[in-house]
Amino acid sequence: MRDFLGGIGYERWVLPALLLIPIAGAILIYVARIGRGRADDIANAGSARVIALATLTIEFLVSAGLWWTFDTGRSTWQNVVMKAWIPEWGANFVVGIDGIALMMILLTTFIMPLSVLGSWTSIREKLPAYYALLLVLTTGMIGVFISLDLLLFYVMWEVMLIPMYFIIGIWGGERRLYASIKFFLYTMVGSLLMLVAILYLWVQTWQAGSPTFSYDALLRSVDVGRTAGLLLFGAFFLAFAVKVPMFPFHTWLPDAHVEAPTAGSVILAGIMLKMGTYGFLRFAMPLFPDVAMLPAVRTTMLALAVIGIIYGALVAMVQPDFKKLVAYSSVSHLGFVMLGILALTMESVQGALMVMINHGISTGALFFLIGMIYERRHSRMIDAYGGIARVVPLFAAMLTIVSLSSIGLPGTNGFIGEFLVLIGSFRTQPIWTVIAATGVIFAAAYLLWAIQRILFQPVTHPENERLTDLNAREVVIMAALVIPILWIGFYPQPILARMERSAAQFISDVERGATERSGSARVGN
Amino acid sequence: MIQEALFFSAVLFIIGVVGVLTRRNAIIIFMCVELMLNAVNLSFVALSRLYGIAGQVFVIFVMTVAAAEAAVGLAIIISIFRHHENVDLRNINLLRG
Amino acid sequence: MGLFYTFNFYLFGVLAIISAVTFVTRRSPVAAALWLVNTMFCLAALYVMMDAQFIGAIQVLVYAGAIMVVFLFVVMLLNLGHASDVTDVMSGKTRLAAAIAGLLFLAELFVLWKDDAPVPIAPPVEPAESGVIAQVAAPLFRDYLLAFEITSVLLLAAIVGAVVLAKRKTT
Amino acid sequence: MLLQEVAAAGAHPLSGTVATWMWLLPLLPLAGFVLNGALALAATYRRGPSDPTVHADHTHGAGHDTGHAGTAHPDHDTAHHAPTRHRYAGLVSIIGPAVLFAAFGLALSIFGAMTRVDHLEQPFVQRYFTWMATGDLRIDAAFQLDQLSMIMVLVITGVGALIHLFSIGYMRDDPGYPRFFAYLNLFVFFMLVLVLGASYPVMFIGWEGVGLCSYLLIGFWFSDTANADAGKKAFIVNRIGDFGFLIAMFLLYAHIASLDFVGISQRAADLAPGIVTAICLFLFLGCAGKSAQIPLYVWLPDAMAGPTPVSALIHAATMVTAGVYLVARSAVLFALSPVASLTVAVVGALTALLAATIGLKQWDIKRVLAYSTVSQLGYMFVGVGVGAYTAGIFHLVTHAFFKALLFLGSGSVIFAMHRAYHATHSHADAQDMRNMGGLRRYLPWTFALMWIATLAIAGIPLFSGFFSKDEILAGVFARAGHSTLADVSWFGIPGNVLLYAIYGIGLFTALLTAIYMTRMMLYTFHGPNRTGETERSHLAEAPWVMTLPLVVLGVLSAIGGWLNIPELMRFLGPPQWLHHWLDPVVGAPALAVTGGAPVHLTHQTEYMLIGAAVVIAVAGILFAVARLKPARLVPKAQAVPERGFARVLANKWYVDELYDRSVVRPLVGGSRRLLWTVTDKWLIDGLLVNGSARLTGFFGRIGSYWQTGNVSTYAWAIVIGVLVVLGAFTLR
């Protein structure tokens, strides 16, 4: 497999291809629409769905090649492609991946086709626009993960926001406008601050002679004073904390999730939340290691992360709306990720990366399931259901498995991530870890209570008697998600091996940077 | 004589301003604005004796602008008149925010 | 500078101010317009006395002659001539405020005036033998040609605008 | 499964033998689970329409009932139509037990191979693949077979197989039949993984897995809220215990960077005493959660909501003993921290006493047995707490026999009662002793076998209970004199005083055990029958498939004692067999690491202890027979609620209510009112987010107030502006 891909120069064109395929798909959708009149509901715009599915499946197959060609030995960027973009400013189109980016890309390309399948019948009008937006969104997300140039990163960050805004805004639930505007403004404020920080850095390089946006160059040359460092780190922190979402900045998440259509919630929870933590891993901490390592800064971030875990779990326990419950559970899970990143031991960082992947899969699966019963019963309220395990046994089995993976039952993927984060963080932050570990109990409490009120207990509403079980398409989606849940649960080693080198690189960047402040560049490029 | 000319121009300008602030008839306000422009022309001419002929050239430009403004202003007043039967400023507030 | 010159200068200055004051206080627009014309004539005289003969002529021709005629024409067209019954002046309070504003304005100018008399940069221009108009025409058509062209475009726009605005809507 | 034979294992005496098939032990029940699960789903799953939204609108609109057949669920008491056997009942009845018996057979052959090897020092560890390896953490998916895990495997597969056999009959008419066997098999799989795990994390898979299965099985008849609640309560309380287990693992890893038992036993010595005590206390928190000790025992009585075979297998024989196994497995650590061991013993004793008192006043036959289990578990923890690990495990094994027998006996009683009530369509409670009485005439086999078990649990000589319970009490008494535990002080109380107190509590609890067990037997089998005239004719012995396991367990309860006959009764057979068998795993390493000497009693003290125990047991039985008058009992419908102290006991010392009001309600209410509404909705959303939106709106309105559209306002604005600017200049 490796030599076949090497033969066709896979290394050189794969990343730009990953960006362009969705765009081509989007264009194809509209090309196919020419002369087909304006009606865009399911009956006569079905082609949009098929094209979107095909494009994203191709995208997944192309990206799957990365899994084999990725060389776990090298700690430098791989599959790097460099094109001049705006030479005067020193901004180039530089893309490349390392262990972390690889896994995030695979997660994205894995979830996207499923989300198209998930919204096969639930999206009923303006189909071409919906699927085109999904495709553009894919480009934006993959762009964020692979760009090694800060300006390109920022552009991709914005490209990613706009489609999601429309997806929530047009196809969402009742309060979708409020939710989408709130989502957009929240992220916008953060990212504008980040832009200011990026430009500040750029001006630094410009004054030092050669203006550049390249990540490696900045990693080497960033040497701002303590106060400037604090402000810059603050700007980056805010932009990514909103996205994570960390404790005080999380209120957009429940609204966005509740009002987004199924696929919107899946992508939002599965991939877009990882942008925040990815941002911390890639930009915020390595660029300003001395600030990140300041005891005051580090403790506050740890405190916010752990509060996020407990707060998310407790508030999730009392939510009447199942989607809101899962949204708050995401706040709790990503609190674990932040704890893992901030603890800075090999196990905890790798654990954080695992939680990022597992959360994508299990919460994505949860949202798919909620979407499925929403399609049948048009209600997200937990009390609207009850005792449906007897009526829809396969759905009940799937919901139980996915909830257990979300709780972190050993043998499922959730456990791997949480266990590694906790065991890793315990070595450097014992007190925070013990507090965070109680989150594991609350996780069991809120999810079990929820699935009990939905699946078990006597059937109270007559409509629940006539619920239909999963159809073939839905079984395919759930199978595609349950298999990784069990596979990663029992054999996570290949993923851990691929991310080991990048995690080590991140830790050394931050620690060495913090000690002697002149962050060393990656060996070669 | 420049000091006196500038003094006269200042007084005329202020009279124009007071006129604009106190009158309610649109046409009268227009004429006050013309008066203010003339005051400015006077100071231009006075100072052109000190700073070169450019002052006088600029007076010509001021005049053309004044002419253009007068034409368009009066056209507006006519259209307002056609609508309101009078040109009292108090009831012309279409642009209220 | 001859006594005659300063006397005339002051005469026309004061005349201009008086006619401006009466212009502002006239009720009927026609009377106001005529007083404004008178102010313009005094100004034209002042221009001539300050060696700006061409500007003085233009003032009389363009300003007093053309613009004020248009004003009078519009006043007559809308037969606003007679002093309209409703008081055309703002309430007492506003007028008082306006007067105070004017005095304050004057006081500030006077304060500003005191400290630095305008110091001449360019040498005082003595009337060249090449005639009055050439003095103005030369810079106009050489240094400020572009501005000159722009003003012509401005005038064109004004004309078109005026016609369009004032045309009776035939809907 | 790529089999990586580790070099050490290669040289291991067992490596050639059938022990290499060790991984098949858990795999068989897993296969059973997969097959039964597939059958369960295949029977009930009906593929939904391709476009659910459209379909949903139709059905609501048309409102016709599609009549989901097949999964109509006859609850215990709504059986109006003839019970229909499940389509695949036959197939499942074969797969379920067959898988267990195969596992039991394999376990026996491995046991044979182990006994042939004369003195097995090193555990036989098989590594299959690296499960997690990051930084210097390296956890392998590995199984470890040594004497201790062999005993546990035998108990699990043996008793498990019998219980599977029993449930063929007991669950015959249940529509969820395949689903029941699937969960039961899954449970045995996880229990075997727990027991065979070679490191704490692998053990943790089994640990939480059995928690999951007990959740699924307690809430098996989930359409009844009480059962679902009981399941949820069990899982969450277990989860609190697991939290302790996790913290213990982190402490271990943080300090000696190894999590597998072999590594720990080598490096345990260089742990600081404080750390070891912390580790052991957290481990014990885990045990308290799983094996229902104070304060986390509240879930076990509620777990009786599950079907009786489940109570027998999970909540009597296997899962609840996982805690005891954990303490025995980490004998090295507990030996190193006397304070923690004393805590275990004290908590064990208190739990035993508390549960025994509550057991006195329970009317539901299964609740009596549940509290008896909690009490006996307390005994086992006393055993392993004081360091008599062999005694603890011995009691675990014998308890598995007679408690499983008691539960299955009560199962056949309930089955008979249910069948009788079913026949006459009455809705009386089939599990309440007040509706029973005089059943010895109708269920002779069950009656006889249950008496064997009662005698065993009460501690009548020659029955298994007598040997194991007496061994524990002897262990406590021996160590009370002089031992590492005796001279350490526990929160101010000197060790030996504590140990004597524990011995006293142990004896008193033995008395209570004898009393409530005899009470149960009297009310159920003796005295007049209170079931009701018409039902009486339907009372009959359960089918042989249910009675056979009872017989086997009866025999085991009777002769269980021979496993570990005390020294001075050498005439009965090979003495101390279990002691010698478990010594390399539990005995020697623990003593080696603490440098202590094995403890033994003089013969006359042992005789004195045995005498005391026998007297207590007989006194208990006679007291119960004398005091309790089954004749005066009335059926549950007319029963008058107890008063005074009896009411406190009947209401389980109000512990559930205490937990609910002190923990659950403030947590849920607090997080709803304080966290969600106040911080989230009001503070962050209201104040900051929407607040800033309102603020900009406010400024906007101010701005528009000034735009009056009236030209003179603008003129004034300009003039004022000019004046201000000029003014600024004048002040310069």
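We call the chains A, B, C and D, going by the order they appear; numbering starts again at 1 in every chain.
To be clear about the criterion, contacts are C-beta pairs under 8 Å (C-beta built on N, C-alpha and C of every residue); 3 or more make two chains touch, one makes a residue touch a chain.
Predicted model only: the values in this text are computed from it and were never measured.
Colleague: Which one of the chains is closest to the middle, using the mean of its C-alpha atoms?
Modeller: A
Colleague: Using Cα averages as centroids, what's the distance between chain B and chain C in whole Å?
Modeller: 7
Colleague: For chain A and chain D, let me know how many angstrom lie between their CA-based centres, rounded off.
Modeller: Here the centre of chain D sits 38 Å away from the centre of chain A.
Colleague: Using CA atom averages as chain centres, what separation in Å is found between chain B and chain D?
Modeller: 96
Colleague: Roughly how many whole angstrom separate the Cα centroids of chain A and chain B?
Modeller: 64
Colleague: Can you tell me which residues of chain D touch two or more of the remaining chains?
Modeller: As it turns out, chain D has residues touching two or more other chains at 712, 719.
Colleague: Give the residues of chain A that touch two or more other chains, as numbers and ranges in rising order.
Modeller: none
Colleague: Which positions in chain B touch two or more other chains at once?
Modeller: Residues 17, 21, 24 of chain B each touch two or more of the other chains.
Colleague: Taking the top-of-page definition of touch, could you list the pairs of chains it picks out?
Modeller: Every pair of chains meeting the touch criterion: A-D, B-C, B-D, C-D.
Colleague: Which residues of chain C touch chain B once you look at their complex with the stated criterion?
Modeller: 1, 5-6, 9-10, 13, 16-17, 20-21, 23-24, 29, 32-33, 36, 39-40, 43, 46-47, 49-52, 54-55, 58-59, 62-63, 66-68, 70-71, 74-75, 77-78, 80, 84, 86, 88-90, 94-95, 97-99, 101-102, 105-106, 109, 117-118, 120-122, 124-125, 135-136, 138-140, 143-144, 147-148, 151, 154-155, 157-159, 161-166, 168
Colleague: Any idea which chain C residues touch chain D in the complex?
Modeller: 90, 94, 101, 104-105, 108-109, 111-112
Colleague: Inside the complex, what are the residues of chain D that reach chain B?
Modeller: Touch list, chain D to chain B: 703-704, 706-712, 715-716, 719.
Colleague: Which of the residues in chain B end up touching chain C in this complex?
Modeller: Where chain B meets chain C, its residues are 1-8, 10-12, 14-19, 21-25, 27-28, 30-32, 34-35, 38, 41-42, 45-54, 56-57, 59-61, 63-72, 74-79, 81-82, 86-88.
Colleague: For chain B, which residues count as touching chain D in their complex?
Modeller: On the chain B side, the touching residues are 17, 20-21, 24, 29, 89-90, 92-97.
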